[in-house]
Amino acid sequence: MTVLTKARPARPRAAAPTGAAARRRRRATPYLLLAPGALVLLLVVGYPLVRLVLISFQDYGLRTLFTGTAEWTGLDNYAKVLGSDEIVPMLLRTAALCVAMAGGTLAIGTAVALLMRALGPRMRTAVTLVLITAWAVPNVAATMLWTWLFQPTYGVVNWMLTRLRVFGDFGQYDWTAHTWSSLVLVWLLVVWQSVPFVALTLYAGLTQIPADYYEAAALDGAGAWRRFRVVTVPFLRSILLLVTVLSVVWDFNVFNQIWLLTHGGPDGATSTLVVWSFTRAFASQSYGQGAAIAVLATGLLMALTWYYVRRLVRTGEEL
Amino acid sequence: MHRRMAVLAASVALACTATACGSGGDDDGKAAAGGIAGPGSGTGKTITVWYMDGDLSDAAVKAIGDRFTKDTGAQVKVQIQEWDGINTKITTALAQHDPPDVIELGNTAVPLFAAAGGLADITAHGKELSRGQTWLPGLAGPATIDGKLYGAPLFAGERAVVYNKKIWAKAGITAPPATLAEFTADLDKIGKSEKGADFSPFYMPGQYWFGGVQFVWDAGGQIAEKKDGKWAGALSSPQAQKGLADWKRFQNTYSTPASRNLFNLAPDYNAILAQGKTSAILNTSVNAVLKIDPKLKDDLGTFPFPGASGNQPVFLGGSDLAVPAKSANRALALAYLKAATDPQVQTSAIVGLDGWTPISTELIDRTAATRTPLLKAFSDAAKRSVATPASPGWATIESDKSLQSFFGDISTGKTPIDAAAKAFDAHLTQALNAAP
Amino acid sequence: MKRSRPARIALNAAAAAFCAVWIFPVYWMVNSAFKPAGDMLTATPRFLPFPLTLGNFAGAVGKPHFPAYLANSLIVTGVVVAVAIAVAFLAAVALTRFTFPGRRGFLIGVLAVQMIPGPALLIPLFLSLKSLDLLDTLLGLIVTYTAFVLPLTIWVMRGFLHGVPKELEEAAMVDGAGQLTVMRTILLPLVTPGIIAASVFSFIVAWNDYLYAYVMMKDQSRYTLPVWLASFSTNLGTDYGGLIAGSTLFALPVVAFFMIIQRRLVAGMTAGAVKG
């Protein structure tokens, strides 16, 4: 403890070496702090990750799982996946759906977070509770609720749309039977489930901004939009970037909602890469091909988000 | 595999379980070397048995367990498994060195695990387990791969028409139809007598493939055929095409337009019948309807779905019991299978307690008198049952939901029948011939 | 900042509209949970659950193993949240207050973990836990969920630590406070909003997972509550009343957890700020 108490903040520019031992310890500190997390991640995710990549080069089926011996097939799985007729429309569909869902989530989430900051305490508590309650609904119940709300004959949403007398009779409308309506169905569910995390996290970030920054800006005669640009965005950049990247990543990999609502139908209209990976691995017991699709999907996602990931890693470093 | 080893003494069986036989590798015939555990041989031991949630009642499970304990002296630890993700659950369980000793598998799932080497080959004990009876082909068929037996039947469940007698009587119909022509004429009458946009004479959701395959079989078609050891999708055959056209006509005529792309679970077709929104559905029992509205007890009737001649062939649901290849207690596990297939247990527990259809034609005949009229339609329907292709790839067809979508697309008219059948045949051929 | 009256009304109206839309599915869930089976599906929706029944709830709670599953869920979730937050906080301090080789690599690697499609990891993870002999143990489940939530919690904490002005720490250091003291009394309280968001996230992940709990546990006595939710669906059909009532009960602890942690942490934050 004595050495630690003497140690000054361990940033290079502030560091003033007081001895070899202290320096060594200072160098070790970040690794010690990181060790528990790194250990768990390496053990539980790192090792399986290596296995996932290995499996993607093997003919890995149910028999392999039972006997433990797999045959190496080189790039066969990848060739099969990339050579499939489905791959191009599948990629486009996955990307478009991901952008639509992440965009919707972020737009609504940011708006709600800003709204919360502007509201009085009572209304803010109400919004917080609504968000947390929606977030708390388990996946299985959420998807079931969606089929209920939107089912023909008995769906409340269909009933209300009919009563609006704008769109015609929706009473017998089956959302899952048509391409666009099934996409809308999935989009609504995913956005409904994802907004709470985005809104609450962004709002938490907003509360960190000291009020005097706004007051100073207001004194300078800055309008609401300018205050948002000059104070809110820079302060929030790191968290905003983070929720953006996370939303894109999650929405790219949305699985349960699609599978339980539409099974990727009608006629493949809502089938994405992950759905494909799942059906290959778990319906066809071709874990090798499922793994290959997963590896490709991860690589693709990494490439697509690379720019933001880099910016995200850099945020705060200039401090 | 003609060695009859079942007479081996229990001591040998015990020695066997402790050594080689329990350690998998059933292709070399080593597995057949074990016997069925005899009286007292299991004292002090406990085997683990997995049942699926909702299939057998606790009382029926206990009856089988009591019989097993009486036979061997061993105890049973029963574990109930949930349906969601069950194939993954069983897959991982079979991949471990200490799997459960007996598992209940849906009959159509047996080929998958058997062909991949996860289940013990019990061919040598087949005769002792069946006791000379004829097991229902829908149960024994999928458990038999290349002439080898991998599971013993547990119970059968099949579909018959469940209808609301009051609505039918209102349309002037008092007796269940005997032929398809009578049936459709009745439904036409009901369609005229009942009004309401959401009312359907017969609620048959378009993705309900259990109903769809009946029409294919009734027209003489097949889902797939095995020729020279290779499967080929057979839905493009003229007979199957006719069946699919019949299905589409029936579905489109007697069910609601909203139901064309739905499965039976959402909305729940039992609720639709219970609320009088339809006069009939195709289901495995009346219990789910009565649970929603117990007052319908005296209003419900059942009859086998009429076909072109006689009843329509039905898809036989139900379960088999199988022994994981790596079970350490194979002799006792076999004894458990023997207890479950025992005619007395079948009569008192499977039929008497749970109202399921027993596993052999002999038992169906023998228990016919004890079955209530409501239950009789189901076992009558079972007599013309057809098994789904006994290929490990069949599990793919069920779990990737392609079969559901296939019938849905035909019902909605999204895809013309011949194009849909051709595309689906290709999928069937690919999936059914894939190595597990 | 004072706002004009019309602006306040407009804001409140927008908030009310948002609440109405977002709460509607939850309202429908609770509403349905109190309806008798026959009223669950009606062509004209019933917006109030009268005649009311508690039968769905009684049936759901009365299912076998409910208490055991609940206990398992509480243990697993509680440990996951505590461990994940502690571990992530330490890691985030390292990542924001120190420069060291491998830092960027670690950050990117952690984010990459989030990018792997969930279902793809199941079999490899099963094989790993099998090798580690952690199958069929609550510990295995705890470690798994912790690893699932760590990437997000680390990143969120890091984001919030960046927001903490460095001068605060430096001032404390000058006053002679040690690093641990600084972490505990200055950094920790200031990232409280981040802790709330991250711990609710962790809670929900650990509380809701079905597939891993189902596949990794073999003995029935070690299942968690989502398995109970799954038990309402059998091959004979789904007990919708039970499932919807069960889901309502299932969601309650999440809301309760949020309210408790919100109050506790906010109290702690003020105390910390005074101390600092």
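Some points to look at:
A, B and C label the chains in the order they appear, each numbered from 1.
Assume contacts are C-beta pairs under 8 Å (C-beta built on N, C-alpha and C of every residue); 3 or more make two chains touch, one makes a residue touch a chain.
By chain, with names taken from UniProt: A = Sugar ABC transporter permease; B = Extracellular solute-binding protein; C = Carbohydrate ABC transporter permease.
These numbers were taken from a predicted model, which means no experiment stands behind them.
Two chain pairs, A-B and A-C, are compared here, and A-C has more C-beta pairs in contact (counted per touch definition above). With every chain reduced to the mean of its CA atoms, the largest distance from chain C is reached by B.
Note: centroid distance chain A to chain B, computed from Cα atoms, is 40 Å. For the pair chain A and chain C, the distance between mean C-alpha positions equals 15 Å. For chain B, residues touching at least two other chains, in rising order: 88, 92, 95, 198, 267, 277. Of all residues in chain C, those touching 2 or more other chains are 41-43, 123, 210, 230, 240, listed in ascending order. Shown for chain A are the residues in touch with two or more other chains, namely 65, 144, 148, 153-154, 171, 282.
Remark: chain C residues 1, 3, 8, 11-12, 14-16, 18-19, 22-23, 25-26, 28-29, 32, 41-45, 87-88, 90-91, 93-100, 103-104, 106-108, 110-121, 123-125, 127-128, 132, 143-144, 146-148, 150-152, 154-156, 158-160, 162-164, 166, 169-170, 173, 176-180, 190, 193-194, 196-197, 200-201, 204, 208, 210, 226, 229-230, 240, 243-244, 247, 250-252, 254-255, 258 touch chain A in the complex.
Against chain B, the residues of chain C that register as touching in their complex are 37-38, 40-43, 64, 122-123, 126, 130, 135, 210-211, 214-216, 218-220, 227, 230-231, 233-240. Contact residues on chain B toward chain A in their complex (touch as defined above): 24, 87-88, 91-92, 94-95, 112-113, 116-118, 197-198, 256-262, 266-267, 277, 325, 392-393, 395-396, 399-401, 404-405, 408-409, 412, 414-415, 431, 434-436.
Within the complex formed with chain C, the chain B residues making contact are 52-55, 79-80, 82-85, 88-89, 92-93, 95-96, 106, 198, 265, 267-268, 270-272, 274-275, 277, 284-285, 287-288, 291-293, 317. Within the complex formed with chain B, the chain A residues making contact are 61-63, 65-67, 144, 147-148, 151-154, 171-174, 176-177, 263-267, 279, 282-286.
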